[in-house]
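Chain lettering (A, B, C and D) follows the sequence in which the chains are written, and residue indices restart at 1 in each chain.
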Amino acid sequence: MSSSDRRQFIKKASVLVGVSLALGLSMATGSASAADFPTAAVSTTGLAVTDKTVTVGILHSATGTMAISETGSIQAEKLAIAQINEMGGVLGRKIEVVQEDGASDWPTFAEKSKKLLESDKVAAVFGCWTSASRKAALPVFEKDNGLLFYPTFYEGLEQSKNVFYTGQEATQQILAGLDWITKEKKAKTFYLIGSDYIWPRTSMKIARKHIEQHLGGKVVGEEYVALGDTQFGSVINKIKLKKPDVIYAAVVGGSNVAWFKQLNAAGLNSKKQTMLTISVTEDEVLGIGGENLEGFYSAMKYFQTLKNPNNDKFVAEFKKAYGENAVIGDVTQAAYLGPWLWKAAVERAGSFDVDKVVVALPGYEMTTAPEGYVKVDANHHLLSKLRIGKWRKDGQADVVYESGLINPDPFPKGYQ
Amino acid sequence: MFGYTMDEVGNIMVMQGFSGLSLFSVLLLMALGLAIIFGQMGVINMAHGEFMMVGAYTAVFMSKLAVKYEMVNSYFVFAIIAAFILAFLIGYLVEYLLIRHLYKRPLDTLLATWGLSLVMQQTFRSSFGAKEVSAELPEWLLGSFKPTADIDIPINGVFVMVLALVVTLGVYFFMFRSRGGLRVRATVQNRVMASAVGINTQKVDRLTFALGCGIAGVSGAAFTTISSTGPTTGSLYIVDSFMVVVFGGAASLMGTIASAFGIAQAQSILQFFMTSSMGKVATLMTIVIILMMRPEGLFASKVRR
Amino acid sequence: MSNTDFVLAIEDLTVSFDGFKAVDALSMYIDKNELRVVIGPNGAGKTTVLDLICGKTKSSSGSIKFNNIELTQLAEHEIVRAGIGRKFQTPSIYENLTVYQNLEVSYPVGRSVWGSLTFKRTQALSEQVNKIAAEVLLTEHLQMEAALLSHGQKQWLEIGMLLMQDPELLMLDEPVAGMSAKERDQTADLLNRICQNRSVLVIEHDMEFVKKIAHKVTVLHQGKILAEGSMEKVQSDEKVIEVYLGH
Amino acid sequence: MKELSDKLLGGRQGAVGLAILALLLFVVFPLCLDLFRLGLLGKYVTYAFVAVSLVLLWGNGGILSLGQGMFFGLGGYCMAMFLKLEASDPVSTKIQTTPGIPDFMDWNQLTELPWFWLPFKSLPLTLVLVLVVPTLLAFIIGYAMFKRRVGGVYFAIITQAIALILSILIIGQQGYTGGVNGITDLKTMLGWDIRTDSAKYILYFVNAGLLIGCMLLARYILTSKFGMLLLAMRDKEERVRFSGYDVSNFKIFIFCVAAMMSGIGGAMFTLQVGFMSPSFVGIVPSIEMVIFAAVGGRMSLIGAVYGTLLVNFGRTMFSETFPELWLFLMGGLFIAVVMFFPDGLAGIYDKYARKFNIAGVTSKYVAKFSKKAAKMIGEKYE
C-alpha cells in the first residue's frame, strides 16, 4: 500500500469509525447515564467522583516565564473538557476542573501535584510542559498513584506507569525528519545548534548518531547557547565558515527569536540555507515574525494547516472559543488529546480507578484526533506521524511531507 | 589554514569583526541609560530591562498602527522617538513617586526597583499577552549588505550601530557641552553646593533619571530588530548592563564605552572559539575576576577618598 | 639615621594624586609627650599627612617610622594596634549605638573575630569606660544613643573612644570645630591633660585654641613645611604671615 | 551560664518571641495543618534559613548579597547528590548502559562516576560537605572582595553575576549535574524512605529544630561583641578600622556563616521536597529571599522568619485564586516595605504592638497553652 493509498484508506476508515463512535456515544449518553455506573463501582480508591461529577486537574504555568508556552495547552485542555461535557461527560458524569498554576517554578509543580492528588483527589491531571516540571512532579504521581497526561514533545528516556505522553518523544520527531531532508535536499553536512539544556542536547545526540551511522552524512558543528542568550553573531559566523547543507536547530524561548532575526540579517535566509528546526511551532512564529521564518522547515507531528475533517472542526472550534487570531501549535494539539484519551480509557475500563485506566489505555486507537490516527503504545507514548512544514510569511506552514506511523521508542537502542 | 582558503578566512574575519562591533553597540546601547542612572546618580535601577521593554512594546504597538495606515517603511523613526518619550515620561513619574525618597539608601533603590520591575512585567503581560510579539519591520531594515559575494553585513546590525553612535554622541554633547549637562554634573559632584548656586537639584535628578529611562526605551525599540519582545525579556539584559557599567568604572562615561568594547570583543571571540554558552561563562568569569582585583573598575582615577 | 628618640619620624614623604603632589618630600619629627599642632591654609596637605600616617592613604615614596616601626607597609588596623589613634574631621561615631557601647567597641580586647565572639564584659571594661566617660564629660549620657549628643559632645565622644585604646600617639583632625567657647576651653584642658603620658598631633584652624595647647607648631603649605617652632616664632615668620595668617 | 542564656535568647523579650515562634512551628502548625500544608510550610521554613542569614549579613552587617540562592543551592545539591547515588543502585538502574550511576549521567555517555561525586557516597561526609562547600565558596568570594574593600552596591552586583555564572554552569554541564532538570527522583536516605508520611513529619521537625538552632547561633553572634561590631561597621566602617579591627576578617566570617546557614536550608529543602534544581541557584531566587527578609524586617531574626512564611503563604494562596494579581501584589508589597516600612513587619510590631506590651500578655497565655498542647500531642501520637 503506497502512502497516499494508505492515507486514503485511513481517511475513510476514520470517517467510518468517527461516525460509529459518535453513534455509540449518543447511545451511551442517551440511555446509559451515571445510573448505569454506580459510583461505588467505578471509583474504589477514594477519587473525587460523585454520582454527577468527576474532578480532574489542569496544572500548567499561568504566570512566569513559561506562561508564554503553556497558555495554549490550558486552552486546548479546557476546550476538550467542555466538548466532552457537552457530549454527556465521562460515564455519565460531568467533568469538573481544578486548575492550578505551576508559576514556572518546578517545586511548585511538585507541590501542586501533591495538592491535586492528595487534597482534591482528582481522577487525572492534564499538565506540565517543560521536562523539568515533569521530572519534579513525577515522583509525586508515582507515590500517590496519580495519572498525568503530558503534552509536550520531549527528549524521551522516561516511561512511567503513571504518565501518558501525548507528544512525541525524540526519535519520533528526529529520525524521519532527518531521513526526509537527506533525501529531499541531498544533504550531506549538518550543523547542530540548540539551547543549552537537556532536551536539545539529547535530541542532538540522537540526531548526530542517526546522521553519522545511518545516513552517511557528516556533522560539521555542534553548538549550544545559554538559555536566554540573544547574541548570535559569532555562532552565525561559525556556521558560515562551515557551510553546512542543513542547519538542524533546537533553540528555545527568547533566544529563538533572536536566532532567526539575526540569521536572516546575516544573509542566511531560506534561499541560501536549508534549515530544519524542531523547536518552532505556530506559537513561536508570533514572536519570531513570519518574514524571518519563511521557507525554513519545522518537523512536528501537527500543523494548524493540516487538511482533514477532524482538524477543520478542531481549528474552527478552537477559534470560536479563543478568537479568530488564536493559533494552534503542536503541543496545543497534543494537549487537546489528553482529556479525550482519558475519557476513552475510563470508558474502556468502566472505572475511574487509576490502576484500571492505566491498563485500559494502551492499545487504544484514536481516530478523531486533529492530527489524524494515533494509537497508544504499551510504553504509554503515542504512535504518530511526523510532518515537515514549510513556513509561510503569514505564520502558517505548508505540510510538505508526512511520514508513516512511527512507533515511539523512548529508550532508543543505539542512540544512547 | 585549517582546510579553508585565505579568502574564506578573510571573509569570516571581516564578518567576525563586524559581529564584535555589533555586539559592542548592543552592549553600549543597553548600558548607556544605566550608566547615567547608576553611574551618575548612584541609583541601582533593577527595572532597567523593563524600561527597555517599554520602548520595545512601543515599537510593536507603532508597527501595528503602521500596518493599518500603510506606513511600514517610515514608521520606525517615529517609533524610536515615541519610545524615548514614553520611557522618559514613565521614568519621570517613577522618580517622583519612588526614587527621590531613596537617594540616601542606594541598596534600597535596588529592592524597590526590583519590585517595580515585577509590576511592570505583569503590566506588559496583562496588556500585550504572555506570548512574545514582534514588530513588523520595514523592508530596508531586513537582509544584509553585500560588499563582495561572500561577505554579508547585517543591516539591522548596522542600524543598531548607527543608533548607538547617535545616542552616545547625544549623551556626550548633553553631558559635556550643554548647560543642562553641566547642571547634572554639578549636582552629582556636590549636591549641596549645586543647590547653593541656584540649581534646582530635585528637578535635575528627575530629568536625569528620566533621561536614562528614555535612552533605555530607545535601545529597547532598537532591539526589536535583533531579538525578542516579551514580558520577561527585559530581565535577560539586566546582568549584562550592570556588568558593562561596573566594569567600566561606574562614574565614567568613557569607561562605559571602553568596557562595552572590551566585553563585546572578548565575548565575540570566545564564543567563536568555544561553544556559545561556555564563551558566555568565560566572559562573565573574566569580568568578575578582574573586578575582584580592581573593584573600582577599569577606568576610575586615583583620588583622595 | 638614628631617630630612636622620636615617637614619630616622617622622612621624605611624598604622595601624588594623578600627578598632583599633595604632600611633597615632607620630613617631620615628634617627641615623646609632645603636643604638636599642624596649621596651614586649605589644601596644604594637613589631613593627607594624617591619612598617610594612619594608613588610609598609601604614600608614593618616603618613610614613616613609629617607635622605629615602619608604618608605610602596614594595614590600618595594624597601625592602630601599634599605638596610633586618629580622630576624623567630622565626628565619626556610631550614631545607632549608645555612648557606652561606642566606648566599649573601642576597648582594645577581643579584636579578632574569635576574640569578639567570646568576649566577656568584665569589671575592668566597665571601670575603664566609666573612667574615660568622666574624662570626656559624658558620664551622665552613658546610656544615651550617640546620635542625640550635641556636636561638641560627639567630638568628645570620639576623643574618648581613642582614649579607650590608650594610644601612644593621638592624632586629632580639627577637634574643636563647631564647639562653643566654653566647650573649646574644656577641650583645651582635656588635651593638656591627656598629653601627660602620650604624644598628640592636632590639626587646627582656630589660632586662639592653638595658642592654648601647642608645644610646637608646624606650618604646611602646598605639601611642604613652611615653618616649624614655637607659636611665637611661627607667628612672626614672614612667609607664614604672607600665605596664611595675613589674610 | 546566665550570660550565655541571655546571649542565646536575647533577653526576656527575645526569649518570649522565640518561644512563640517555636510553639507555632512545633505545636500549633503540626496540629492545625494537614500533611500537605505542613509539607509546604516545611519548604518555606527552609527559605527562612536564608532569610535569617540575610538578617545577619544584610540587616546587621550592611552587606547585601544577591547570591544567597547559590549557597542554598549548593547545600541542596550536596544532599541531592548523596540521595541520588543511593537511588541509583545497580539493581534499580540495570536497564542503563552503565548501571549504578545516576540516570542522567548514563544518558550523557558517562561511564563512571566523576571524582567529585565520590565523597557523596558517604552520609557523614555529605553532611560535612553540606556545611563546607557553601562556606568555602563564600570564603573565596569574601576573601577576594572584602580584602579589596569591595562593598555595598558592587558586592551586590558581583555576587549576582557569580550566581548567574554558577547557574549557567550547572545547566550546561548536565552530564555531571543533571542540567536544567536538576537532580530528581530522590527516594531514600540510608534505606529510610523520605517520602512516607512519617518521614515527612520527622523531617519537618528536624527542619524546624535546625532553624531554631540557627536562630540561636545568630542571636549569640548578634548579642556578642561581634554583633555590636557588625552594626558599627555598617554605620562607620572606617571608624571600626581605625579602632584597630581588621574589618575584612569580620565580613568574611559573617559571609561564611550566612552561606553555611543557607546551605543547611538548601539541604533540608532537598530532603523535604525530594529534588534540587538550578532554578534555586540563579538571580531570581536570590533576590526573592532578600524580599522575604525585608518584608519580615531586616534587623529582626524572628521577623525574617515570619516574613518568609507570610510571603510564601501569600504566594500560594494568591496563585491559587488570582494568579494574575500575584506579581502586582508582590511588587507592590516590596515597594511599600522599602518605602514606608524599612524595618518590615518587625518594625511595625515594634512601633505599635510593643506599646501595649503584647509580648508580656501573650507569654502568659503561651505558657498555659503549651501545657495543654503538649498533652494533646501526646494523645495524638499514642
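Everything below uses one rule, namely that contacts are C-beta pairs under 8 Å (C-beta built on N, C-alpha and C of every residue); 3 or more make two chains touch, one makes a residue touch a chain.
Here the structure is a predicted model, which means the values were calculated and not measured.
Participant: Using the touch rule from the top, point out the two chains with the most contacting C-beta pairs.
Facilitator: A-B
Participant: Taking mean CA positions as centres, which chain lies farthest from chain B?
Facilitator: Farthest chain from chain B, going by C-alpha centroids: C.
Participant: Which chain would you call central, comparing Cα centres to the global Cα centre?
Facilitator: Answer for the innermost chain: D.
Participant: Centre to centre, by mean C-alpha position, how many angstrom separate chain B and chain C?
Facilitator: 47
Participant: Chain C to chain D: how many Å between their CA centres?
Facilitator: Once rounded, the distance between the two centres reads 45 Å.
Participant: In whole angstrom, how far does the Cα centroid of chain A sit from the Cα centroid of chain D?
Facilitator: Centres of chain A and chain D (C-alpha means) sit 38 Å apart.
Participant: Residues of chain D touching 2+ other chains?
Facilitator: If we look for residues of chain D contacting two or more partner chains, we find 168, 172, 324, 327.
Participant: If a residue has to touch 2 or more other chains to count, which residues of chain C qualify?
Facilitator: In chain C, residues 56 touch at least two other chains, as defined above.
Participant: On chain A, where are the residues touching two or more other chains?
Facilitator: Residues 196, 224, 226 of chain A each touch two or more of the other chains.
Participant: For chain B, which residues are in contact with chain A within the complex?
Facilitator: Within the complex, chain B contacts chain A at residues 4, 8, 11-12, 15-16, 18-20, 22-23, 26, 125, 130-137, 142-144, 146, 152, 154-157, 225-233, 236, 267-269, 271-272, 275-277, 279-281.
Participant: Write out the stretch or stretches of chain A touching chain D in their complex.
Facilitator: Contact set of chain A toward chain D: 62-63, 100-101, 103, 105-108, 110-111, 114-115, 118-119, 130-132, 135-136, 138-139, 143, 157, 196-198, 201-202, 205, 224, 226-227, 411, 416.
Participant: Name, in rising order, each residue of chain B that touches chain D in their complex.
Facilitator: Going through chain B, the ones touching chain D are 42, 44, 46, 98, 101-102, 105-108, 110-112, 114-119, 121-122, 125-126, 235, 239, 242-243, 246, 277-278, 280-281, 284-285, 287-288, 291-293, 295.
Participant: Could you pull out which chain C residues touch chain D in their complex?
Facilitator: Touch residues, chain C against chain D: 54, 56, 75-77, 80-81, 85-86, 88, 92-97, 101, 104-106, 108, 110-113, 116-120, 161, 165.
Participant: Under the touch definition given earlier, write down the residues of chain D that touch chain C in their complex.
Facilitator: 3, 220-221, 224-226, 228-229, 231-232, 235-236, 238-247, 249-250, 253
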